[in-house]
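Before I ask anything, here is the structure I am working with.
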Amino acid sequence: MTNPPAPAPASDNQSSSRTGVWLIGARGSVATTAVAGCAAVTAGLHPATGMVSETAPFASAALPPLPSLVFGGHDTAACPLGKRAEQLAEGGVLPHGLPVALHAELAAADREIRTGGPLPGDTRGDEELIAAFAADITDFTRRHDLARTVVVNVASTEPVPEPGSDRLPASSLYAAAAIEAGCAYVNFTPSTGIRTRALAEAAAARGLPHAGRDGKTGQTLLRSVLAPMFVQRALSVRAWSGTNLLGGGDGAVLADPAAAAAKNAGKERVLADTLGAAPEGEVHIDDVPALGDWKTAWDHIAFDGFLGTRMVLQTTWQGCDSALAAPLVIDLARFAARAHEAGLSGPLPELGFYFKAPDPGAPASLSDQYGELLAFAARLGESR
Amino acid sequence: MTNPPAPAPASDNQSSSRTGVWLIGARGSVATTAVAGCAAVTAGLHPATGMVSETAPFASAALPPLPSLVFGGHDTAACPLGKRAEQLAEGGVLPHGLPVALHAELAAADREIRTGGPLPGDTRGDEELIAAFAADITDFTRRHDLARTVVVNVASTEPVPEPGSDRLPASSLYAAAAIEAGCAYVNFTPSTGIRTRALAEAAAARGLPHAGRDGKTGQTLLRSVLAPMFVQRALSVRAWSGTNLLGGGDGAVLADPAAAAAKNAGKERVLADTLGAAPEGEVHIDDVPALGDWKTAWDHIAFDGFLGTRMVLQTTWQGCDSALAAPLVIDLARFAARAHEAGLSGPLPELGFYFKAPDPGAPASLSDQYGELLAFAARLGESR
Amino acid sequence: MTNPPAPAPASDNQSSSRTGVWLIGARGSVATTAVAGCAAVTAGLHPATGMVSETAPFASAALPPLPSLVFGGHDTAACPLGKRAEQLAEGGVLPHGLPVALHAELAAADREIRTGGPLPGDTRGDEELIAAFAADITDFTRRHDLARTVVVNVASTEPVPEPGSDRLPASSLYAAAAIEAGCAYVNFTPSTGIRTRALAEAAAARGLPHAGRDGKTGQTLLRSVLAPMFVQRALSVRAWSGTNLLGGGDGAVLADPAAAAAKNAGKERVLADTLGAAPEGEVHIDDVPALGDWKTAWDHIAFDGFLGTRMVLQTTWQGCDSALAAPLVIDLARFAARAHEAGLSGPLPELGFYFKAPDPGAPASLSDQYGELLAFAARLGESR
Amino acid sequence: MTNPPAPAPASDNQSSSRTGVWLIGARGSVATTAVAGCAAVTAGLHPATGMVSETAPFASAALPPLPSLVFGGHDTAACPLGKRAEQLAEGGVLPHGLPVALHAELAAADREIRTGGPLPGDTRGDEELIAAFAADITDFTRRHDLARTVVVNVASTEPVPEPGSDRLPASSLYAAAAIEAGCAYVNFTPSTGIRTRALAEAAAARGLPHAGRDGKTGQTLLRSVLAPMFVQRALSVRAWSGTNLLGGGDGAVLADPAAAAAKNAGKERVLADTLGAAPEGEVHIDDVPALGDWKTAWDHIAFDGFLGTRMVLQTTWQGCDSALAAPLVIDLARFAARAHEAGLSGPLPELGFYFKAPDPGAPASLSDQYGELLAFAARLGESR
């Protein structure tokens, strides 16, 4: 997939137009689906459903074309991408037959995955780890003669870091490595990543753009369109309760209360930002292995209408998180690469459309966020 | 805003600042709730929940204040407003005790209700009926020394008119009367109303503004925020199915397939306008008297994500239609009155926020419609 | 209410046919609804909807007639029953107007409520408290010349007792008092009550029947009919997840994890007993004050069909717990009184129909439990 | 039980213990799933999930073992079973890989499918068609040296026959052929089949057992456990509304109002039989091709509790009809074959567990029906 179709000799002109996408958590479900999906769409096997950057309004934003993307990344797991793809096909996330059809592309990306860390028993300090990760990224960019590389965090959610720790969480080690390697950075997870004062300052100093955090793919996506509706109609939300059932790795990770806390903070932020105050109600995340890669989210919204009449809206969302996240990850890599190319630096609230907890300055309603994204694309197109 | 601006004695000046709201279907659930609710909010008994025009962004639009509204209307039913309010309190639509507390206000509005038509056996022709209705409205405006009156249709949904009939449907007779009486006109129902070429031209010739049609209060409101979400996220909607269960008079009226057809046209238009083409799926409207004035709407949306993964969103909306509609009816009366005062004429697509089938030129997504409403309010405020 | 309609002088014969119902938690929602509802049905104001003992199959079981029931009880709250009834009418649990109509009956029951305990700072030991409670019950029985009194626990759920405590939980103090007063005992809550070896033996020694525990009124009721369906159809339940949203006092009490644990044990037992093993999935109980006395329970059941096809059933139950529980409390009081009269002693698994965690020997499916109840009624009728 | 009892060489004795299953609609989804599933379970590839006859309580009913079943049938479609199985695997009804693994078994069954009728333009009269169908069945039974053959109708639902027609509906032609061929008969569809006076009498005269009609697999299955719950708990069902969304061939067939009427009659019968009277509410069946072989059924039940409190239960069932029906079809063929062997004749209300509209005498609640099935199995076991 990542190889240009032409058999012509690699010239400076051609090679310099390619863009690296370095995935933290490169063997996870989201990363595997992103790599396989990008190849499938490039090969014309599937339409680009779910990929916003491929829709008409973004055609002139000068985003790097899908065939120009080259994938690599870090992971601590060893299972090859091809095998992960087979597992996802078993679970109904990828179409049957796709892993075989894309065998070469998956193997190519798999060869570019380096061991992440810190692994248990690892004696290296933060600086040593950052340097090693940065070297992996730089080596990747150099070997493929890439114009630039974007680092995207799609690893499992970390627990909320305990205050006072003198070690950086792993997600921040990778963010620091991205900065050191001169890369734009995107955090699709609720983990800390670049959201420390020191790292944000370092990115600004290096002139690097970054965006985050915590991709919104299901329940929070819905909340970001429903909450504004209640506000615009002057209806009074009394309680907003939610339960998420999910299997796969995610369910198990989020059964850890600390990780769930990180995730829920984003979900509740959307409501508080939109409604003015957080309504009554809780959010549960349950590990239900029987659901595999599929997720069910139930929301119950109790609201008051005219003269105090009590009404209820319930929603049930049954989706596949990897299939929802993967095209957005590709979108973000393309936007961040283009922003880097255009000389933008620092946080990108214009990408708030994609996140539960966007960078400061982003509006809270999906519709307003979409408007900002359109305007951002127009500016990127003009600056070419 | 809900308090009269000045405690001064009733002078000629003050009285000329009062606005008439003439309701077609003045003894129905929506009208009764609107009259009772306006009085309750004015009296400080309840907050203005559900009334968009009372929220902060509209404070400077120079809309007629709630206490300045005077209610009257046409109906073919004889049951007094006070008794209708009691029935609605029995059904949980109005708070217990409110009909007693607002006895005087309900009685005052009831005295301003005139017999509508045509009644069975009525031998009057269209022109005669229009003249009689217009005389009722003019008399109301004159007797109360109103600055102007807005005519709002909240009567039961008419069957889709058969082509080739030489008689106007009742809703259009009232619309014609509104024009003859020099009033702005709002159609909150799916009935024809002013949507004939002749009536639209007559309104334009008289310099009268009008808005319609078919208020969106529940299922279609939801659809107008959810459908744009799918489009913005490049998700492919395969099928959108819906079932509405409702009792009260509405259920029985809409059990008539011709009336249901009128109602469904609006619901489906929102999807077709937003999604580009109508997806698979039907909409059912069932008469379930046991539900009384409450409505339950279930929607099932089958959509495809990345690589063809099949996902589903379901929504269940349990609301009270009268309580949802009534504050919007008051909103619309205020906006139309202000538009009339400001010299606007013809259709008002800026009020598309309120309607399933807005006037030509209105956007389809609720968020865009809200943006237009804000801009409209700003213009109204400036033109003062 | 509790007075027989006949104006005849109180004779020995007549008075001896009256039955006491002594409610622990006598000022709670369930108790108030039970007292008011029994009076309303006796007075012919409402049909006996929800009261199984009043249906045709139980007409010849010789249960004490509704008008023969006399109510009293213990509570630590001071709010009079009449006022509690007004609050419940505000919340839509009782019909408007009912508290006024039943003012005399509510006041009569209220006069028979004694202060429970132990209150904070109470220095009395267990034996002292038991003796005081038993004296209250005996005095009630004697003063009203009742044939017998049944003690029914409808108090708030206690936390699961910590092992090794040398004090009895309050629910067991009342159960001990019931035994000391020679009364049949019913535990409608998940609290310990009579379920200690010593108390069960004491009841058997005194020849007293008892039944429990944890009335099933909503989600678990549903589970007790749905789980057998899956078993009978040889469908394989993979995961059964549930979320309960409830306001009122219950929501707050059950937000305490220890109390929730007591409640959930019953819910999960039904599944484990029926399905053979507990499936994946959790149960959440959320305190949502905005819902008042109403409860919403969502269940999500993932099951496998033929050849491993994955299917899902979801249920949403929106009910009023007090209204569901109250008629069952009256049922149970009648059955327990009749069992006492018939000389039965010890646990009554025949009443498993009513409980989440029935006495040993009861079947797990509602249908089988109903069959046992019918057979029990037949035996009670024959033994007259 | 799934293993043939003896590895002995094929002798006359052994062959006479084999049982034919002749499927009307042999190339439809249900039939294909039944043939493939029986082979898969026999081969040990899958557990017998969904097949009631394979559960422990039926082990001693002397039902014909799965490996002894031989499949054939009539269909008017030409698509080979192997190809139909591939299509079902594409749609997720059969596991990927199964059609290849069972290639031989599917081909063997496909060779035993004969052209059904009447086809458009067919000039044969009823008697001629019946004779031709019967000859096909007899030939199948003879060639395979089967002990007996059961005819099972799993064809698409016929429209409700118009009164006064002088032709038998196709389903009845096949039923007549079954009688002429001396076969037990099962009608898994709502079509007429053997439910004419003449055919029922002919079956009785020939000493043939038969069972029907209209298999209950989803929404009606649920109704048959939920409706008794409301009755047993003395709760008053006010309205029961339902919407079915289904694709596949079924959706299109049932979009025909006459066919839907046939189907709905069964659904409503369950409620009327259990609740005493049909509650308010309608049932819709929508053709939604996007859902493929999957079906979603939403039910909304409005009921009253104590003192008229209004409550609601909603259910959403997402299942695969073919996967639900196929194991029941195999169950029914085995029970009918065993009943035939045991000398039973006429309708079999004992199989009401499987049907929406069982033979007269069957109880209405699933639980009671299951009890009857257990008793029937015991009698069949004893009569061996």
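Letters are used for the chains, namely A, B, C and D, taken in the order the chains are written, and counting of residues starts over at 1 for each.
Just so it is clear, contacts are C-beta pairs under 8 Å (C-beta built on N, C-alpha and C of every residue); 3 or more make two chains touch, one makes a residue touch a chain.
Fair warning: this is a prediction, and the values are worked out from it, not measured in the lab.
Asker: Starting at chain B, find the fewest moves between touching chains needed to arrive at chain D.
Answerer: 1
Asker: Higher C-beta contact count, A-D or C-D?
Answerer: C-D
Asker: Between chain C and chain D, tell me the centre distance in angstrom, where each centre is the average of that chain's C-alpha atoms.
Answerer: Roughly 43 Å separates the two chain centres.
Asker: Mind checking the centre-to-centre distance between chain A and chain D? Centres are C-alpha means, answer in whole Å.
Answerer: About 48 Å, centre to centre.
Asker: Where the CA atoms of chain A average out and where those of chain C average out, how many Å apart are those spots?
Answerer: Roughly 51 Å separates the two chain centres.
Asker: If I count partner chains per residue in chain D, which residues reach a count of at least 2?
Answerer: Where chain D meets two or more other chains at a single residue, that happens at 92, 312, 314, 316, 318.
Asker: Which bits of chain C are touching chain D when the two form their complex?
Answerer: 33, 36-37, 40, 46-52, 54-55, 92-95, 98, 221-222, 225-226, 228-229, 232-236, 304-309, 311-320, 323-324, 326-327, 353, 365-368, 370
Asker: For the complex, give me every residue of chain B touching chain C.
Answerer: Touching chain C: residues 92, 96, 316 of chain B.
Asker: Once bound in the complex, which stretches of chain C touch chain A?
Answerer: For this pair, the touching residues of chain C are 238-239, 241, 243, 245, 279-282, 284, 286, 288-291, 296, 298, 300, 302, 312, 314, 316, 318.
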